[in-house]
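Next come two complexes built around chain A: one with chain B, the other with chain C.
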Partner chain A sequence: MLKAIYRIAWKDVAGDLRRRATLSSMLFFAISVLIVFQAAFEPDRKEALRLLPGLLWATTLFTTLVGLGRVFQAEEEDGAFEGLLLASVPRGVIFFGKWLGNLLLTLLVEFLILPLTLVLFNVDAWSHVPAILGILTLGTLGLTGLGTLLAAMTRGARSRETLLALLLLPLTAPMLIAGVQAIAGVLLQNGAVEPWLKLLIIFDLVYLAMAPWAFGWLVEE
Partner chain B sequence: MKILKKIQTLLGVATLVLLAVGLWFVYNAPEDFQQGGAVRILYIHVPSAKMALLSYLFLTVASALYLWKRSETADILAEAATSVGAAFTAITLASGSIWGKPMWGTWWAWDARLTSMLVLLILFKGLMVLRNSMDDPVKGARATAILAIIGAVDLPIIHYSVVWWRTLHQPPSMAASGNAGVHISGPLLPPLLILSGAFMLMGLYMVTVKARQIEARRRLDALESARMHPDE
Partner chain C sequence: MTHTPRATPPPADHDATPPVVIQLEGVHHRFGRHRVLQGIDLTLRQGECVALYGANGSGKSTLLALLATLLTVRQGQYRLDGLDVTQHGNEARDKLLFVGHQTHLYGHLTPVENLLFFRDLRGLDLPESRLRQAIDTVGLAKAADKPVQWFSAGMRKRLALARMLLAHPRLLLLDEPYSALDIQGVHWLNAILTDYLRAGGALVMASHDPERVAALPHRPHHLARGVLSPMPLPQPPLPEPTPC
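Showing the complex of A and B:
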């Protein structure tokens, strides 16, 4: 089981690392979002520190959409998706494989984007980098879980990427609120981090428990 | 579906009567000592909010039934409940906003219930768009049903996360075991109860009309595709 998950994930990640298609478009898209925020808000150092949690999560969320638009791209042609479904493992395992591939790419982009944001916005929060990365990772687990499911759901729909954004953004509201509050709590050192981490964990558990099941229903013929 | 045709007129008449009685009570109800006449907006606002949530509940049950039994009727009812729910959610948001301006001094606040309701509206819209953007109606129906159930699980999480985030809206004023918060007083209650009933009938009536419309459209589509591809 674990091997099948790993194989499917590695197929996507290795393929992408060689072509650098998804990774580089996510990365450069994230940088463009940062430029937009800088131009729109022109924060000074103090404001940048206050804006940082929202900035990071908004950039992550938009960037995830770029990655999710391509989750099933490798399976688009020649009936490759049906081929994948024929694999002699439960459908949930196939879902976890696709999810893991997307998760790894998204995390990689987040880890590259965080130092870049701190540099570009002149924020001195280097001592909090591990905590921030931890919170970003925690939120990204559920975010990519829900996202991969919605990507499977909108496969074959017209104007798929717009639809994906319309469906994903409202459902991720709890993750966004909890994630922003948790990072703000870390930066301001006001101690209100733990309840938000719990909410993030609940969010992750709910989606990662529900998504494989829903994926099975979705691809059933 | 045939039963819907039979009850449609009856439902429509009952809705009209109950709405008329309820509005008569609203017209004659005393003004609130703090809110004045603006309290009357709540007689529309509260029943619509109830109906918005009830529609989602109905949608969830119909979706689960569709996934379980593959019954087309359940799918038609789910599709009908989606548009009806969206309408009630929009009415709730609009009426709340109009009430909020004189009472809170602002059209909109990022409060727990307002935010959840706005998310609910986007969710209803998403369900409608998802269904319409699939070329294969069966795939569209299945994807929509799954999304509706995911939404049903997510809505409480959304609600509690925004409750922790910020709260301005007063606690429920009709609940019997409320805290020491706001309570609705005697003479203001009957119109609210009657209108809640009237809105419930109205919701059922709207679902009935919409469901029959959808069924007719699907039959037309089937005829059309049979005409286009006679050999299939």
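Showing the complex of A and C:
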């Protein structure tokens, strides 16, 4: 089963790196958002430090949406999704493969935009980079988990990207608040990190436990 | 096109009556209010081939999709090797292989990578050399490392059929298998399918091409308005009258 999960994720990541389709769109989108925010607010260092958590999560959310819009694109060619459903593995394995591929691409973008954000906003938070990346990773686990399920749900819809955003944004709002507060706690050193991390872990567990089951139910005719 | 590996299923028991592979009893299917299949009964044993004929929209592809577990049997019963397919979907999928109108290939991957993907999702323990051998057998050796998106429909079909050389399924389901194949491909496919049936495989195919199916030992069935009925067995052509 692990081999099947790996192979589905490998197919998505290798395919995307070859076609430079999703990753380049996500990166371009993330950089555009950062530049617009910088031009609009022109924050000083202190203000930038306060804005940073929200800015990082907003960028993460938007770029995740771009990635999720294309997560099942390769499966639309030549009945490939049907081919996946013919595999003799539990439906949850297919879900985890698709989720892992999407997670890796999203994390790659996050890891690239964090240093760029710090440079662009002239924030001296380099010592907190590992902690921020850890929190972003923790939040992205659940965000992409729920997002992959919703992408599967909206796969056949005509305006699937709008529908995906409409469904994902309200459902992940509490998780995003927890993510913002956790990074703010790290940056402002106010000690309020642990409860938000616990909340993020709970969301991850709930989304990643529920999504594979719901995916199996969803793809059955 | 070389001709080495065969799409042989697991070894058959050579009893007087071969075991039943699939059994459909009173299967109905509908899309909304539209009834597509009505009271389908079908028994297929090891080494048998059923060819489905019928006009467009008669339900051939729906019946194959049901057999492939892509659609759920909601009314009636479908057993594969004695397993209730509704309850044991994963086990059933492990025993069958479906090649439909669409080839289920990824355009950005090469033939080798597509077969690696198939191997790992099917849980097959095969080295890459075995996959390359299958690609060679279907005549795609020169294109083994090129992305499939540049392939013609016939090349894609050949690659899709290469999977059956690797999977050794108990049940093979083919929807219009001869479409997009050239004459050489048709002969190759019929040779592979004949071997597969001799080795105890079971085959259901939908076709509009009885002349090409005639090369295989088969039971023809006709599907009209969702009702499946056996057809008379094809007769060998009459000999040419000799001049007096």
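Criterion: the second predicted complex is superposed on the first by the 221 of 221 C-alpha atoms of A that agree within 3 Å, B and C clash if a C-alpha of one lies under 4 Å from a C-alpha of the other, contacts with A are read in each partner's own complex, and residues count from 1 in each chain.
Here is the rule we use: contacts are C-beta pairs under 8 Å (C-beta built on N, C-alpha and C of every residue); 3 or more make two chains touch, one makes a residue touch a chain.
No experiment lies behind these values; they were computed from the predicted model shown.
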Task: For A:K46, decide between first (touching chain B), second (touching chain C), both and neither.
output: neither
Task: Would you check which partner chain A:A173 touches, where first means chain B only, second means chain C only, and both and neither mean what they say?
output: first
- prompt: Looking at the overlay, what does A:T154 touch: chain B (first), chain C (second), both, or neither?
  reply: first
- prompt: Just chain B (first), just chain C (second), both, or neither: which does A:F203 touch?
  reply: first
- request: Please work out whether A:W217 is in contact with chain B alone, chain C alone, both, or neither, and reply first, second, both or neither.
  value: first
Message: Taking the superposition on A as described, I'd like to know which of chain B and chain C A:Q181 touches: first, second, both or neither.
response: first
Task: Using the superposition on chain A described above, determine whether A:Y6 touches chain B (first), chain C (second), both, or neither.
output: second
Message: Give the list of chain C residues in touch with chain A in this complex.
response: 68-72, 90-91, 93-94, 98, 100-109, 113, 116-117, 120-123, 156
Statement: Counting only contacts in the complex, chain A reaches chain B at residues 146, 149-150, 153-154, 156-160, 163, 166-167, 169-171, 173-174, 177-178, 181, 195, 199, 202-203, 206, 210, 214, 217-218
Query: Where on chain A does chain C make contact in their complex?
result: 3-4, 6-8, 11, 14-15, 18-19, 74, 77-80, 82-90, 220-221
Task: Would you tell me which residues of chain B are touching chain A in their complex?
output: 67, 115, 119, 122-123, 125-126, 129-130, 133-136, 139, 142-143, 146-147, 149-151, 153-154, 157-158, 160-162, 164-165
